[in-house]
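Should a chain be cited, it is by its letter among A, B and C, assigned in written order, with residues numbered from 1 in that chain.
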Amino acid sequence: MRPAEEIDVSDRSLPPFHEKIETRGLKASFGSNMVLKGIDLRIPENKITAVMGPSGCGKTTFVRCLNRLHELTPGATVEGEALLDGKDIYDKSVDPVDIRRRVGMVFQKPNPFPTMSIFSNVVAGLTLNGVRGKEVLERTAERSLRAAYLWDEVKDKLGNSGASLSGGQQQRLCIARALAVEPDVLLMDEPCSALDPTATAKIEELMTMLKHDYTIIIVTHNMQQASRVADYTGFFYLGKLVEFDETARLFENPREELTERYITGKFG
Amino acid sequence: MPRLMDIGLEQINGLLLEMASLSQQAVSASIDAYIKGGKAEGVKDMSHRIHALHRQVSDLSMEMIARYQPVASDLRFLKSSVEISYGFFRYGRYALDITEVLDMFGDLSKCDRNSVVDTARKTQEMIRMSVDAFAKRDVEMARKIPSMDDAVDSSYRENLRRTIQGKGDVKCSLSATLILRYLERIADHATYIGEMVEYIATGVEPN
Amino acid sequence: MNPEPLRATKSAHRSRGDALLKSAVAAAAAGIVILLFFLGVELVYNSRLSLVTYGFGFLVGTTWDPVHEVFGALPFIFGTVLTSALALLIGLPVSLGVAIFLSERAKERRLIGPALGSLVELLAAVPSVIYGLWGLFFLAPAMKNYVEGPLHAYLGFLPIFGTTPIGTDVLTAGVILAIMIIPTVSAVSRDILNAVPNSQREAMYSLGATDWEVTRKAVLPYARSGIFGATILGLGRAVGETMAVTMVIGNAPTISASLFSEGYTLTALIVNQFNETTSPLYASAMVEIGLVLFGLALAINLFARTLIWRMTRASRYRV
């Protein structure tokens, strides 16, 4: 384990995987403050990748660069490349609106649209893209709500306000809303931090079902959550990617001393 | 600032060191009794105490894992502590077995005990190395143990061959065989403890 | 030496100081409430003659004849309502546009936002009479020649454009009022829009929405009740505006379908005739006009503030 010992450890290279997203030298700043200092990372397809690290390490910024949400903040800039299926999402010819549809996001605090019904919330993304037919909308709504394991709980009250549900249900509603536009990737920014343990467990189960159809990236500061749901984990610190490995290996035997110190709680 | 977990980890470490010391003493006492004759002092009590400590270590490790969900070196330490504790427990157990052989066979002063004594010294050295390696988390020392294991193994097998061939006094050869067997088992455990020490430090799985 | 007596004196001092401050503050607050209360009471008291004489008919009577002591408030109520409605019709879209620009769009160009915002607030600092002067000497003729003239020429068959353009008419009054309420309505609306949580915008963005779609579908619906409240606030201002209106409205108590006719508002009436009340009944009727206005303004304001308060409870919004 570097650099404390000079021990020769057996080969630690990652087994090969097919990537969905690759970042090359990705840098992100708020004005003159550089928060991401050049990230080279490959995100495996149809797996759950956890992005972990202490506050201020850049993990949320990293994820918000992947759906081009970062640049919406005044003064925020991005450098470098982020390839989605091999094509740079920051290329001049790319429309950010299109990227944001392909890379969906679920936020820390559930944010359903309170002035819309549950049904309208779920299909909000569809109506944006011009989908009108009642039948199509209803079918998609049911499909998405089922995928989010929310259908049975709300099928009789689709007309109720989106804000009338419990916290956990609201979050699943937001997941259904994100899934309705059929993204390739689902970004989840600490999706369970505002939820109680039961709701959290439901979301975690949901994630392990969803990964078969989507590539999921989850930002979490909860290491137990990462070890429960994530196939791969990346550890960020002060804007750099310190280590990236299969979750089990990273948690049992991290390569970097910094990782070891963070996950065993010896920081600070 | 120490973590909550550190209290428990230190407790386990302390228990293991106590077991190490006790088991070392037990083995030395039984070997001394073999060489000089006479009763082995307190080996039985020590063995029982080590057994009790082993159960404590086992329970405590499980509790730590359940409560703190440890990772990395903490996790490896806790996994290993049960194995290492078992190793020390076996040291003590075999020391007791050796004294039981001495009780059963009585006076062995007429036997040629040189090879056994020689092997015993090597085994004691391996015990000392395993304890040291564990106490200091010294991976270099841990890696030296397996080569000594070969010497102990071959000594045991050589004696076995001679016993099969029927050479020498039955009492002598049988007692020697049994004691060598126990020494060989102790040596195996010492080797395993060494591998556990390496695992804690580097994460390399034991063979 | 025993310190006890000293401590006792000190804390007694402090709690007396506290009590003094508390009662002073309470008195000030109570004073305001009492003032408002007495205002209302005074108005009712001094209009009792008129109230008794005309009863409900005061509100629907169309004749205002001091000579023959026939007092009906309808033309003025009509004038107030019409000009205020015009003010809203013209001023609201502009205010909303300004608010949306300041809140949603000007974030990038960091200079434009505050600059435009300050300019709009400057509009509020202009005294009412100045607006009146400007309206009389510039706006009214301009309206007559370039707006009302053509409208009457080409669309004069429509009743609202049916009479000959004068310039100093209800339409011009409506325009002046619109200009005067824009600072208030746009400032409040901008605060309302800013109070919409960013998480709502981000939710819409991450579904693949353009900037305008985010504003239309996530921000405005959320801000609905708040903006409605801002509108009502603006309405309250329009209803209570006096000088600028009276200088451009023509001050004739007509009730007409045409926007180009002269008109009269409750406020204009009071300011024009308060000094000419020749009889107790006249004076009482004047006060009753004030009472009507008072009630109208209070009700509108109360309604608006309740709406805005409900909308921005979470954020730290202060008017």
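Please note the rule applied: a residue touches a chain if its C-beta (ideal position, glycine included) is under 8 Å from a C-beta of that chain, and two chains touch if they have at least 3 such contacts.
The structure displayed is predicted, hence computed values, not measured ones.
J.: Can you identify the chain nearest the overall CA centroid, using each chain's own CA centroid?
T.: Central chain: A.
J.: Looking at every pair of chains, which two share the most C-beta contact pairs?
T.: After counting contacts between each pair of chains, the winner is A-C.
J.: I'd like to verify one number: the distance from the centre of subunit A to the centre of subunit C, where each centre is the average of its C-alpha atoms, in whole angstrom.
T.: Going by mean C-alpha positions, subunit A sits 48 Å from subunit C.
J.: Take the average of all CA coordinates in subunit A, do the same for subunit B, and state the distance between these two points in whole angstrom.
T.: 50
J.: Can you check how far apart subunit B and subunit C are, centre to centre, with Cα atoms defining each centre and the answer in Å?
T.: 93
J.: Flag every residue of subunit C that touches subunit A in the complex, lowest number first.
T.: For this pair, the touching residues of subunit C are 107-108, 110, 197, 199-200, 202-210, 213, 217-218, 221-222, 224.
J.: Mind listing the subunit A positions that touch subunit B in their complex?
T.: Touch residues, subunit A against subunit B: 1, 5, 7, 9-10, 223-224, 227, 251-254, 259-260, 263-266, 268.
J.: Can you name the residues of subunit A that touch subunit C in the complex?
T.: Interface residues on the subunit A side: 67, 69, 72, 74, 97-98, 100-102, 104-105, 107, 109, 111-116, 124-125, 128-129, 174, 177-178, 181.
J.: List the residues on subunit B that touch subunit A in their complex, please.
T.: Against subunit A, subunit B makes touches at 1, 3, 5, 69-76, 139, 201-204.
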